[in-house]
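As written, the chains take the letters A, B, C and D, and residue 1 is the first residue of each chain.
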Amino acid sequence: MTANEPMVEASGIGKTFTLPAQSLFGEAKRVAAVVDVSFRIPHGRTFGLVGESGSGKSTIAKMLLKLEAPTEGDLRVEGQPIFRQSPAEELAYRRKVQAVFQDPYGSLSPRMRADRIVSEPLRAHGMPRREAEARAPDLLRIVGLPPEAALKYPHEFSGGQRQRLAIARALSVDPQLLVLDEPVSALDVSVRAQVLALLRDMQQRLGLTYLFIGHDLAVVRYLSDIVGVMYFGRVVEVGPARQVLRQPFHPYTRRLVALASGDAPLGAVRMQGELPSPLNPPSGCLFRTRCTYADTTCIDQRPEMRDAGSEHMVACHHYEAVVAGTKAETGPQLREA
Amino acid sequence: MEPLLAIRGLNVRFGPSERPVPAVADVDLDVAPQEIVGIAGESGSGKSTLCGAIMRTLVRTARVSGEVMFSGRSLLTLNDGEMARLRGRELSMVLQNPMTSLDPLYTIGNQVEEVLRERRRDGAGLRPGGAIEVLRRVHLTAPELRVRQYPHQLSGGMRQRVLVGMATAAAPKLLIADEPTTALDASIQDEILILFRELRETAGSAVIIVTHDLSAIRRLSDRVVVMYAGRIVEEGPTGEVFRAPRHPYTRALLASLPRIEGDEVHLEPIPGQVPDLASLPPGCAFAARCPVAKDICRGQRPPESVVADRHRLFCWRAEETA
Amino acid sequence: MSATSEGSGLGPFRRRFTWGRGGRPPIVATTICVILVIAALAGRNFITLAPDEVDFTAILTPPVWIEGGSWEHLLGTDQLGRDMLSRLVAGARISLLTACAAVIAGGTIGIALGLTAGYLGGLAEAVIMRVVDAFLALPFILMALAFVAALGTGVGNIIIVMVLTNWARYARLVRSEVVLIKQRDFVLLARVAGLNRRAIALRHILPNVLTSILVLAILDVGRAIILESSLSFLGLGIQPPDVSWGLTLAEGRTYMTVAWWLTLWPGVAIVLAVMSFNAVGEWLKARFDPRGQL
Amino acid sequence: MGRFILTRLWQTLITLLLLTVLIFILARLTGDPTPLVMPSEATDADRNFFRQQYGLDRPIHEQYVIFLRNALRGDFGISFRYREPAFGLVIAAIGPTLQLAGVSMLVAMMLGLPLGIVAALRPGSWIAAAVRAYASLGQAIPTFWSGLMLILFLSITLPIFPSSGYGGPENFVLPAVTLGFYASASIAMLTWANMTEALRSDFVQMERVLGIPPRLIVLKHALRNASLPIVTYLGLQFGLLLGGAVVTERVFAWPGVGQMLVDAILNRDYPVVQAAVMMTAVLFMMINLMVDLLYAVLDPRVSRS
């Protein structure tokens, strides 16, 4: 392991699902949920992944957690491929990588007491039950829950407290990498801020690496050092968080940033059209159906990731024009019936 | 100007009378014709219950008291038939979840036509193309195709457009939108919000939008009402409240949103939790989490203070927060 | 929309003041169930007359409150002078024994196979579920008759028949629940935590399907009682000298016009037993299965 | 849609095939039928000839293939008792059984559907309580008992309807009421539950706030949505009535498949048992298949995807 080796390195990973459709009904369909995604997360940093529902960001989280296997590409953690591990290697990996999910109500087994919930990962890694459960009050304290919470069941906690419990459980085995899949999206505004602050605090104290997935740019930016923007299964822009948010190169990112700032008057940032159907994706650039810069190049060619300097990458034929603020001549929309 | 909607002393209680749960308490609120009012609050603040009380769609066990005057009629004293005649015509509503709010077994056209037939007096439901017209007004793409489609063939954003179209088909005087964008993606949210503003301009409707999304309220509404634990805590012109919030809760709520300042993102969490409505403290419900609370805040309910034109709040420290 | 418990702060309040979901527990039904179980387990200690004691001096004695009745036979006697009350108590024993055996054994087999099918998926699931379909390809009473035709009658065989007709429904229910629970976040997180398959199946999935199974099982006792008594009524179930409610009813049918109590009492016993178990089951279902998937 | 039909057909065929395996195994479990069929004075040679003729001396898997081939041709053997092809006997008995199940189904629907709907529209009322009592009673009374009680009161005490036999419309009354009452209980409960769910759904809420008249909401929207699962259940219930008819046919001496099956089991007439079981299974599965297809037609989410 070299010093500058990243914690996570994804090279061209992809995932295609064969949909068994709704229950028995309908035809089997193939859907590319993730296509050719590459990124690196350095040790101790946060990679924020932004996208709308169905953009494939959660699939990436599931792959990193080995809950789904990629159909293409290579996913490495600390230089080691994470698939085809021996049982012992897998167990060690499970200790290194933990997760917090979106739904505070579905994430905790409803019939388990809090002390067992937070200590269960320790037991899975061979610690005797008594010893593991003795650690529970400490873990609860770290995430700001009172020690007497150990004797309660999940339904006795509020949404924010449950998310704290989920964080305590994830932290119990001293992981190095936390996969945070929309951990605050289901929470109320004031509670959301509490949990975000806790996550940032944990990272600083424990030197954790985060993969943070969200749909709210401001929230993602709060924690992230590097930001990747996903559209329709592909990463369309990735770079240092500061740069991407200050000067977005991709027209899609640009609009997300404008929408997220909350300052733009209503209607100033129009995002025409709905997301295209994943079963019938458009040719060329996937964003062209909603893009004001789109021209025939965008119909014919799928844009490759290009380095726009200082590790800021973008997949757009016209990013120079976007940066310059000039409109491509052909504009506005090129739609496909 | 005479208000379109005037609410006085509205209370909604659930549970047995010995130990009621006050979901909405002592709410006074006016809405002027063509005004857009945003009601902000977290879950448990009573904002959705307030809408239910106006529309009279709460569960039967809810006990509603007070007065709700809507263009000269007292809504709480109307019988069920009179209330049903008002709904959809003069007073309408859009619900939170577009995915389940359309009947899955009928085409979009059928459902829109049903509303036109039942709610419009001019026979628009009988005219061919009436439904297409409604869908075009809410900027649904390819309306000729949509009327033949079933709800499951449309995305969430498209369904919400259809629902807004149905709710406003008869140009109601007041439209209530309960979390209309919560279930939608960010890029679709603004498109739905714009519809409400257009509605005001084209149909002259007033709109009450209820949401926890402060940015939506800031950009859409003329006036904002902030609720906490069933009560209004602050109310005023949107620009003024967002620029210079006076109630400590409003301030804390705004501060808890992440905001980008230079290269840093800041947010300040509100400590503690939303109180249990079944066991509220005697004083201000926010006192336990309030950075400037004094003894009196915990002991007695704060009175109304009018701090500027149409800007009022309920706080013992109203003077000091300016 | 309207105020629901979620978000309006009503949650803890409800728990404190009402019976909660399902309303008031069915006290009468529960009592009858308990009495039946006691009768089945220890009934012999309470009755003075043996159920198969023939008394030709007391043939077709009516119940005690009717002219000609006797205190010795509270509910009357049958065509061989056997005491009806004793026969009902003995019948309770057989009915409950066969029903419980069918439910417990059928349930265990069904749970094991359903859990395997749902959790493993793939080929194991396809094979198990097609077999389940085959076992459910006939209305259950016809299926039971097909097994009786092959295996024969009598207490032992009837128990086997009832297990064979019963297990598939459990397997189907368990599988469908497991498939749902398997996708829930807490199960995914258990995998992330490093738990092995066995631990996940036993610690996370099984406890969460068990409630549904328990409810189904209690509702099933009533169904099993009807099945057993139907088979016995047809002459294809319990055989004399064993006693069963359905058999007693069939035997009394010939005397229906002269001695109504021979057909009334066993019928009342069956209806009361089935209604009580169903009432308890329905209450549990309302309380623990609000989605109504059973 | 087309694919859905194919999948369901395929599954049904697999299930039927597995069922033949099951029935074949069961038939083997009953042991060698030779002693049952051959007279006791038959010689060993006679017995061997019989075994040979019926393929009983062949390996078990070959016997299954023979069984399956014969079954496909409708050949289940000659009834030991009636000395006629078992298949023909069963076919002749299916008519009365289907008639009884059909009439009972009508009775059950006429009782169950309105009761369930009324209970859903008036939650917490005395009507709802009465429907609940009716349903729990209906599910708990076994048909052999309710049948006997009907005979006792409406045939013996008050001789209004015939207590047994097959023929005119009057013969249908008691058996159909017996069976229909039993089935109506669960239909009422299911209708109630689905109607309640439909009335609570978001789209009904939406229609209410849009001021759509309650009559339209109930009849056009709630009822139609509630009817989807009910249709499935009615199909299932019809199948169960075929099963339930076994007991009812016995009580009322109705000349149907059930009666024939019970007699055949009592007389160890295995060809008839096999034929009756296979035929009812085919019937039952065809009904289920049709219900699934009907559901697919009724629900645009299936038919239009």
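FYI, a contact is a pair of C-beta atoms (placed from the backbone, for glycine too) under 8 Å apart; a residue touches a chain by one contact, two chains touch by 3 or more.
Heads up on the chains, UniProt names are A = ATP-binding cassette domain-containing protein; B = ABC transporter ATP-binding protein; C, D = ABC transporter permease.
Since we're looking at a predicted model, the values are computed, not measured.
Enquirer: By mean C-alpha position, what chain is farthest away from subunit A?
Expert: D
Enquirer: Could you tell me which two chains share the largest number of C-beta contact pairs?
Expert: Pair with the most C-beta pairs in contact: C-D.
Enquirer: What is the distance in Å between the mean C-alpha positions of subunit A and subunit C?
Expert: 49
Enquirer: Find the geometric centre of each of subunit A and subunit D from their Cα atoms only, then give the gap between the two centres in Å, rounded to an integer.
Expert: So the centroids are 53 Å from each other.
Enquirer: Going through subunit A residue by residue, note those that touch at least 2 other chains and give them in order.
Expert: none
Enquirer: Could you list the positions in subunit D whose residues touch two or more of the other chains?
Expert: 202, 205, 301, 305
Enquirer: Listing for subunit C: what residues touch at least two other chains?
Expert: Those would be 1-2.
Enquirer: In their shared complex, at which residues does subunit D touch subunit C?
Expert: That would be residues 11, 14-16, 18-19, 21-23, 26-27, 29-30, 136-137, 139-145, 148-149, 151-152, 156, 193, 197, 202, 205, 239-240, 242-244, 246-247, 250, 258, 261-262, 264-266, 270, 273, 277, 280-281, 284-285 of subunit D.
Enquirer: What part of subunit A is in contact with subunit C in the complex they form?
Expert: Going through subunit A, the ones touching subunit C are 62, 65-67, 90-91, 94-95, 97-99, 101-103, 106-111, 120-121, 124-125, 166, 169, 173.
Enquirer: Subunit A touches which residues of subunit C in the complex?
Expert: 184-186, 188-196, 199, 203-204, 207-208
Enquirer: Note which residues of subunit B are touching subunit A in the complex, please.
Expert: Per the stated touch rule, the residues are 42-43, 141, 155, 157-158, 185-191, 193-194, 197, 212, 214-215, 218-220, 252-253, 256-260, 263, 265, 267-271, 273-274.
Enquirer: For a test of understanding, state which residues of subunit A touch subunit B in their complex under the given definition.
Expert: Spelled out, the residues of subunit A in touch with subunit B are 52-53, 158, 160-161, 188-194, 196-197, 215-216, 218-219, 221-222, 242, 245-246, 255-256, 259-262, 264-267, 269-271, 273-275.
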